[in-house]
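Each of the next two complexes has chain A plus one other chain: chain B in the first, chain C in the second.
So, the complex of A and B:
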């Protein structure tokens, strides 16, 4: 447990040792807010809720979770410290879980920094705070799913750039699945039931219930499954190095 | 009981037999010089012993514990410094050693870090980031993490590589000071190091053990020849 916590702490604080953390937090917040205002017409809608704010989070996470996750294993390989870490008396699973949770915690701080948005809505109107909270929970789970994919991509290379690009592409696929454009394309070849089944494999269709305030089990299971699949496959890749 | 034991270890990379049926054991008090040309299989053998790689055949044992069967127990009895002494560059020396102490679950980690800093003469740079250190200091940091838990078995891959003569002397001095209580394997390209430090020489070429004896016995087998001439003869 102590080893696990030490890895978690090292990885989490590691973000703040480099400018990455501050660039990340700034970019995340700038995009989260400007997408909601300028693309989502957040202000013009004149409704005291945050669903137009959460609407773009799958895009944000698809881009930024790989940016945060790229270093998790690739940097260990590049520095040669993977050999060190794995010859210390810890299991690969302890290391993988510690790294993943550190990354997730870091994503949570980025999300936490958008709270003034929610507080402003609360000041201007009377939002349903349960719905706001469930939106945040959904977004955090969505970020965790993207981070799981990113950690898998990071486990497969020693280059952070390759880890980022492949991680982004994989998450991008998860974002566009379930978007209107793809649904239309697929409807030429598949039946409506099949199209809606495919859409359920995407990030957005699973985040939507959260932004509407329903904490359904199925979407939560989806996010956790994607995260665990990425985490598990990445750990296997490290174990079989 | 042998503290470090390689028993018919083999490891292939595709068609290449990097390590081919290598067996030896190292007891307490022995300092084994691991010699061989580049690509001979020295580092691969050390990685197999340290549990970083899994052997295709054979077994590695640390203090009697099979590395494949109980890796965590075996690794906790071993200190290992990989080639190039990698370390987390962005951490300070003290943070890095504290991290190593935590991962090894040491009791009194703060004391152990302080003692190790003193032993390896790193106290002056304890607050510097590892990546800002000169090569000599970085090699010592790699050495320090390997001995922080005062292990019975110690495996060091080229611990004096790239050091100046004074720094080499310093590393050998520290090693000699602890050698009586430990089983040590040191890989090196420096034949002078073998004569200065080692009680035994294991020479590896093309994945196989070519000789395993004390430096004196080895020299006596080839009267009138220097160690470098013997090295060339045995690895040709």
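So, the complex of A and C:
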């Protein structure tokens, strides 16, 4: 357990040792706020909730979770420190989980930095705080799912760049599933039931209930299972070395 | 790990993930974090959903792409979806929800149109927001979810589901002496005074409309509604009497003065001409026979809450017998009236228990007049009109009067001597009950005009749709009363939920303040514009023609016209500037907030970075 926590701490603090982390935080925040204000017309909508803010989070996570997750394994493999890590008194699974949680905590800090948005709606009107809280919880889970996918991609390659690009593409697929445009494309080939079923595999369909204030088991399970499956498959790939 | 076991492990992970999702989907657990319990169905709806036998498919048609449905309607669409999902979850898999975003020119749009989902005009095609419910071959639709009916959203959805799952709706016998419904096909008739009312009733009931000359009630009648009864045929009166004594619920709208009947007799609805100054009272004898008194010798009013009526010259006059009853005049602990906020009545009367009513009848007031402005006008005066004269004869006496009451218990027959005799001198029926065989329920409202469309709805256009906006809760009272009495009492008891869409209070306050600050200036400038336009018109009239027809003007007049036109342009520009200034504060706040939020993240990140670097350096030192 101590070794596990040591890995968690090492990985988490590792993010902050590079200037990249601060660039990441700044970019995430700038995009989250700009999309809400300038694309989502958050202010003009005149509704005291964060709907228009969370609406773009799947896109943000699809881009930024692979950016944060690309280094998870690829970096270790490139530098040859993976073997070193595996000499620690932990199993590879514990190491993987530690790395993943560290990455997720890092994403959580990025999300935390957007709290001024919540304060803004609180100042402008009288929002339903339960809905705001469940929106944040959903966004965090969504980020975790993207990070799981990213960690799988990172485990499959030595190059951080390739890990990022493949991770982004994989997350991108999860983002567009369930958007109206794809639904229409699919409706040519599939029945409405099937289209509706496919849409449930996408990130937004599962995030949406959270943004409305419903903490439901099914979408939460979706995010957690995507994260864990990515993590598990990635770890298998590492173990195989 | 060899290749085979690796693949096996990978497959196991994928299967476990899939399995977890399937199980979670089946369990359908959720916690509702919203203040208003948006995702929490009331017990009545939950029972309805759990009781669904054959599978029901709910389909929400919502145009979700940002430009086509306004943000407000989008928020409402999501609220509706959350509620629909709650039905699906409560149904144990019997109710399925499908959400469709009908893009222009697609199969989905065709389906929406086929089901009667109304498209609202919007940029880039029509926008849809409606729901259908389908069980086997039965399909019903709520063509447009109107946010103004938000309080009734759960009620409407439950009713929609109930309407497809119940093969037969309870039968409502609507006995009316007013020509409020017509058998002519739609489009070939004039708009009736109760078209929307009957349409609404039709959602919950199988409505059978009877005139006073009918001789019997339809078979399987679940509830009887008497609208302004008079001169009922003896056999119909006896049938209704026996219906009540057998435990059948009756709603009676007994009116000392039916404005609509007066209108039918020749006057305009709100103008009384001498020729029509004859009686238009209901016949209270039947309910009097049951032990409930509705005096028809006077109309009741409230000078403190009177409404405006047009005088013969057209200007509005305050007319106390047209009055509002607000929350303090409504029983807040009875399902019929608990959710109502305001009733408007027109030449209403009052209800009370007769002195000789059978012991054991329970009289429960649901709506009443109370306050120093309450009073009455003799019926003869009210009949003679016009409004301003009647208003002058109105004398407040402050005596409380009941407008609507539910009477329950054991009734005696209104025909103590047995069935009345018909024209042929023979009894119209075999002798029946002389007193209630089962506990009886009689709801009496001492007005009939209140329920008609012209006094309870305003027609308008919203989002490109023809919509009827309730201006009061009059029809809600009638529909709720009938549902409680004879329909699905659970539907009627559905609690109204709070409005879940919350605006930016601070922005609204800014807008109001700006409006207050600039309104004077705007009015002044608009007045100026009007004056200028008038002067221009006068000028052209004095020169004998229309400017646009290119008549020849003298140079002086031309200069004047030129001057006025320039002034007009200037005032218009001033107006634009004022309006922009009024908006500016709100816009500026938006810009400031965007900037603060944009900077907050990076600033926090930099501060955190500096703090961490400092910490590490200190630790290293």
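Basically, the second predicted complex is superposed on the first by the 241 of 241 C-alpha atoms of A that agree within 3 Å, B and C clash if a C-alpha of one lies under 4 Å from a C-alpha of the other, contacts with A are read in each partner's own complex, and residues count from 1 in each chain.
The definition used in the following text is that a contact is a pair of C-beta atoms (placed from the backbone, for glycine too) under 8 Å apart; a residue touches a chain by one contact, two chains touch by 3 or more.
Owing to the predicted nature of the structure, the values given are computational and were not obtained by experimental measurement.
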**Request:** Have a look at where A:130 lands relative to chain B and chain C in the superposition and call it first, second, both or neither.
**Result:** second
**Request:** Could you look at A:233 and tell me whether it touches chain B, chain C, both or neither (first, second, both, neither)?
**Result:** second
**Message:** Just to be sure I read the superposition right, which of the two partners does A:51 touch: chain B = first, chain C = second, or both, or neither?
**Reply:** second
**Message:** Quick one: is A:91 in contact with chain B, with chain C, with both, or with neither? Answer first, second, both or neither.
**Reply:** first
**Message:** On the A-aligned overlay, A:122 touches which partner chain: chain B = first, chain C = second, or both, or neither?
**Reply:** neither
**Prompt:** When the two structures are overlaid on chain A, which partner does A:28 contact: first (chain B), second (chain C), both, or neither?
**Reply:** second
**Message:** Just to be sure I read the superposition right, which of the two partners does A:10 touch: chain B = first, chain C = second, or both, or neither?
**Reply:** first
**Request:** Mind telling me which of the two, chain B or chain C, contacts the most residues of chain A?
**Result:** C
**Request:** State the interface residues of chain B toward chain A in the complex, per the touch definition above.
**Result:** 47, 50-52, 71-73, 75-76, 78, 80, 82, 84, 86-91, 99-100, 102-105, 145
**Prompt:** Which part of chain A faces chain B closely enough to touch in the complex?
**Reply:** 2-3, 5-7, 10, 14, 17-18, 79-81, 83-91
**Prompt:** chain C touches which residues of chain A in the complex?
**Reply:** 16, 19, 21-22, 25-26, 28-30, 32-34, 37-38, 40-41, 43-49, 51-52, 109, 113-114, 116-117, 120-121, 123-128, 130-131, 133-134, 180, 183-184, 187, 192-193, 196, 208-209, 212-218, 220-222, 224-226, 228-229, 232-233, 236, 239-240
**Fill in**
In the complex, the residues of chain C that touch chain A are 1, 6, 9-10, 13-14, 16-18, 20-21, 23-25, 27-36, 38-39, 64-66, 71-72, 74-75, 78-79, 82, 85, 98-101, 103, 106-108, 500-508, 590, 593-594, 596-598, 600-602, 604-606, 608-609, 612
